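In the two assemblies presented below, subunit A is common to both, partnered first by subunit B and then by subunit C.
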Partner chain A sequence: MASRAMAPTGMLAGLRATLERRAGLAVPVVIVALWQVLISVGLLHNAAIPSPITVADSLYTGLFTGHHPLFFATVTTLERLLLGYVIAVVAGAVLGMAAGRVNDLAYAINPIVALWIPLPAIVTIPVISLWLGAGDIVIVLTVIFSAWIPVYLGAQQGACSIGKRQLWVARASGASGWTTFRKVIVPGAMIHMIPSLRMGLGYAWRAVIAAEIVVQQGKGLGITIFSARQFFDVPTMYAGVVLIAILGLLLERLAFPLIERVTIERWGLVT
Partner chain B sequence: MGANPVSTDTPIREHRAQADAASRPAPKVVQARHIGKTFPATRTASPLTAIEDVSFEVHQGEFTVFLGPSGCGKSTTLYMIGGFERPTAGELMLHGRAIDGPGPDRGIVFQDFILFPWRTVLGNIAFGMEVAKRFGADEIRERAQRLIDRLNLSGFEKSFPNTLSGGMKQRVAIARTLATDPEFVLMDEPFASLDAQTRDRLIGDIEEVAVEQKKTFLFVTHDVREAIRLADRIVVFSQRPARIIEDIVVDEPRPRDMYADSMRDFERYLRSLIRID
Partner chain C sequence: MHPEARSVGGTGIRLNRLAPSRRVVIGSLSVTALLVLWQALSSTGAVSAVMLPGPLGLVHKASYLAGFDGNGQFQMERDAVLTLARLLSGFLTAALLAIPVGIAAGLVRWIGRALAPFLAIFMSIPALALVPILMLLTGLGNATDFTIVVITAFVPIAMYVYDGVRLIDPKFFWTARSFGASRGEIIRHVILPATVVPIVAGFRMGMGYAWRSLVATESLTALSGGLGYTIFQAAEFFDTQTIYLYMIVIAVLGFAIESVFRALERRTAVRWGFLSAQEASDG
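Let's turn to the complex of A and B:
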């Protein structure tokens, strides 16, 4: 009796666990399906809203056929994004760690950062392009100017949180300031920096697309979306938006679990 | 020295005088003369006098224990010898010169290990040697491996600290300190956060290491039995603000029989000294 009652419970629990694991994917899938159904049965009829199948088709065409416009736009955008992001991470991390340990430096930099935080990437573009014209460098600089802020703040916090006595151990070994920075402060701050590196990448994505739309130079996903809108190529516009979301997700899901595996997970700092 | 050099009916100061006169040509390597330490007021705390008037001497190669109740300022005294803190009064000398900051001649071991979590066991032990630059890569590996074997860490070379037990972490920290061969080994309640069995084994290890290596150990503890087992000299601190209430040479052969009557009497006497009333 009891065992017969248990079986469906067990199955239900298993089903529920599977559903919970897939729930993150299920919701977008249901929305897209509903969207397709509404258009297919003719309930939704609007030139500004293409069907998911049309969008998927134009995504495929743009990536894999003809001149591969979406593919090359993606490559260009990723180049700008990663170049700007890497520079922002290095600059933000070094400055932040230094400010986390040297109070005078924090006093000098923090007011600038505080004024900088509310500035959207998009308002810095006209200023930068006034100095440097319009081109890749403006886009990359916009990415740097956006992404360095969370990295800086995380690095500063990380460097601040290094225990006094870890530094004592280094000093009692005769380590110079520079050696202590390299061997204790940098790895010690890194432990706390992963969330801010994630946030920095998000900022970089927004900045690169915004800058491409404003600067309007060369290729890029931002430009593709913007010009598709001007030519009323609605499916391509949607395809660009979908591509950015998927690429952003993939980049994050690939990079950060890897970073965590070789750092804090390996060190036994998270379970 | 007699078989029963320390007992409650021997006047301790007399005993110390005997010991000093008898057989201690070892040079004085640390001298504290009327040192004091007052921490300035902060936003949340009023000024605090941790140490009022403390004088003592440490002889070369001696295992000196600073014994006192918790929070009495003995750790602060150790940190001042390490060069991490400065006295606000008096003179603190190392080899006749005022201590001016930390140095590789003084290694330190803390109660809570303070290992580098991003370095393996081997990497932690190698840290000081890497920094010192006077060791070649082969020498670093060889010396680290010898300490790993010596402190029963074999097989854990590539483990990261957070995967180790407390006792093993403290062995790593001790190995890291010994690796660069410092003249002084400073230990700040190194066994206070370990369970009783682990502590017992580590005390035995430290005793052996101290006998093997002719280093000067400075060991802070509030545990009377630790002090009796390890010390050549016990400097007893009062409650805060710290003064020295006793300075005793312990001239018992090692390993010491903690159950001997003389030891029990000595233990009782020390407990009476540091009792907080």
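Let's turn to the complex of A and C:
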């Protein structure tokens, strides 16, 4: 806009202003272009660094041609993510709301939770594998163990912050314990829970990729990257990381607002 | 507010003064009960000692691995020192890079716009996905562990500092400028004090991410040693006592690191005027 208002003599300044405004797009594009040029002219020559075009090609091939390996790896990973996240949310929310209403329960659980918080989810894998062997269940449990923490803490804080008056009103209108839980505590806790649901999804996403890379069995995006390394298929490794970055951004920017809208509308929290 | 911060059942601050004793009693009862149940399960043979070694056995194993029984080997200390050395060196590097970058991004608009997409992208890539590529680029040794710590700590610190500087009330700048402050004086007297709280918040976040990623990365970088390396090594040899023991060691160390940063955060929040000492001690 500023550039359009410029007089012809200010064109250079206008271009500069446009570049500055679009720096968020311009800088990454320039970096990728520079990377491609350095490789094309032969200045950058390293077997571990493929050119952006090779990576894009490998991403396209993996997603849309042949046996669609990258596409199916993505589906598998997202299935694990979703299953683990849903279980973590239900378990974390129920336990958290209970702990938020019953102080003694919170006193009993919180010391154990406090030790659990800084425990990297990956470290639980050897123990889970010891008990349950290998396979999907190890990855899904790692996701659950990681994602339930923020949900639990958010639900606890939410349930704790519900005003006494709302509970009095519910009791005075003759609501049963279950109705009070469903109509007062759950919606009341929900407001605090939304940021922690988002945090939980981020944790779950990190955990599912990390667990796949550590477990190294079956299919999935993390496994694709790791086995590509063993075959020295460098472009596929980079394509996998690019795909993970895109999916991570999509989860945060698209999937979460969707969850947010559904829960807000469902619980009537629209202000 | 911290997610952990809570008043007692909406009854306000007054009851909180009486509550801790009950909290401590019930808390220690529940932990003790857990330990007793755990020991009972393993000593009665209800669960095989390989699957679930009892806590007493773990204490014994701990004294062996820590060299307290005079065996002359200090494996546990060595692993902990290795891991902490990687963590601290990477974290310091990340902090030294992230603070100036974050301040520059907050002050100069185009730098901020250029930095934002990189922060968003690296926030959404789980650090472990970068490990296979880093292993190709830097080899199987310390370099991969160090780089992962730098990356995972850099992103949240830079993000918090960037937001902290960007959101400084412009009136502070106007005031400083109208009193004739130079650029250096503005940085020293306006920007730095205003960013202390976001810097410490970013430190806590970054340390949390770096700690998790480092332990996981150690399990993959085969030459490295360290807590994460040893726990997965023990899994290969079915040394279940070491698995459980190291899980506890990692949890306790992580808890200690987290506590240090939480105390630091609370203290800076009081010192730089965002919380009163009263509020901080109640929270």
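Everything below uses one rule, namely that the second predicted complex is superposed on the first by the 228 of 271 C-alpha atoms of A that agree within 3 Å, B and C clash if a C-alpha of one lies under 4 Å from a C-alpha of the other, contacts with A are read in each partner's own complex, and residues count from 1 in each chain.
Basically, a residue touches a chain if its C-beta (ideal position, glycine included) is under 8 Å from a C-beta of that chain, and two chains touch if they have at least 3 such contacts.
These numbers were taken from a predicted model, which means no experiment stands behind them.
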>> A:206 in the overlay: touching subunit B, subunit C, both, or neither? Say first, second, both or neither.
In response: second
> If you stack the two complexes on chain A, which partner ends up touching A:163: first (subunit B), second (subunit C), both, or neither?
Replying inline: both
>> Looking at A:117 after the superposition, I want to know if it touches subunit B, subunit C, both of them or none. Which is it: first, second, both, neither?
In response: second
> Counting only touches as set out at the top, which of subunit B and subunit C does A:234 meet: first, second, both, neither?
Replying inline: second
> Is A:70 touching the first partner subunit B, the second partner subunit C, both, or neither of them?
Replying inline: neither
>> Per the contact definition in the header, classify A:184: touching subunit B only (first), subunit C only (second), both, or neither.
In response: first
>> With both complexes overlaid on chain A, does A:147 touch subunit B (first), subunit C (second), both or neither?
In response: neither
>> With both complexes overlaid on chain A, does A:214 touch subunit B (first), subunit C (second), both or neither?
In response: second
> Taking the contacts subunit A makes with subunit B in one complex and with subunit C in the other, which residues are shared?
Replying inline: 163
> Quick one: in the complex, what on subunit B touches subunit A?
Replying inline: 82-84, 101-104, 106-108, 110, 114, 116-119, 127-128, 130-132, 160-163, 176, 180
> Which residues of subunit A touch subunit C in their complex?
Replying inline: 19-28, 47-49, 100-101, 103-104, 106-112, 114-127, 129-131, 150, 153-154, 156-157, 160-164, 196, 205-207, 209-210, 213-214, 221-222, 225-226, 228-229, 234, 237-238, 240-241, 244-245, 247-249, 251-252
>> So in the complex, the part of subunit A that touches subunit B is made up of which residues?
In response: 163, 165-166, 168-175, 179, 183-184, 187-188, 190-191, 263, 266-269
> Considering the complex alone, what residue numbers of subunit C touch subunit A?
Replying inline: 1, 3-10, 19, 22-23, 26-31, 34, 51, 109-111, 113-114, 116-118, 120-121, 123-133, 135-137, 208, 211-213, 215-216, 219-220, 228, 231-232, 234-235, 240, 243-244, 246-247, 250-255, 257-258
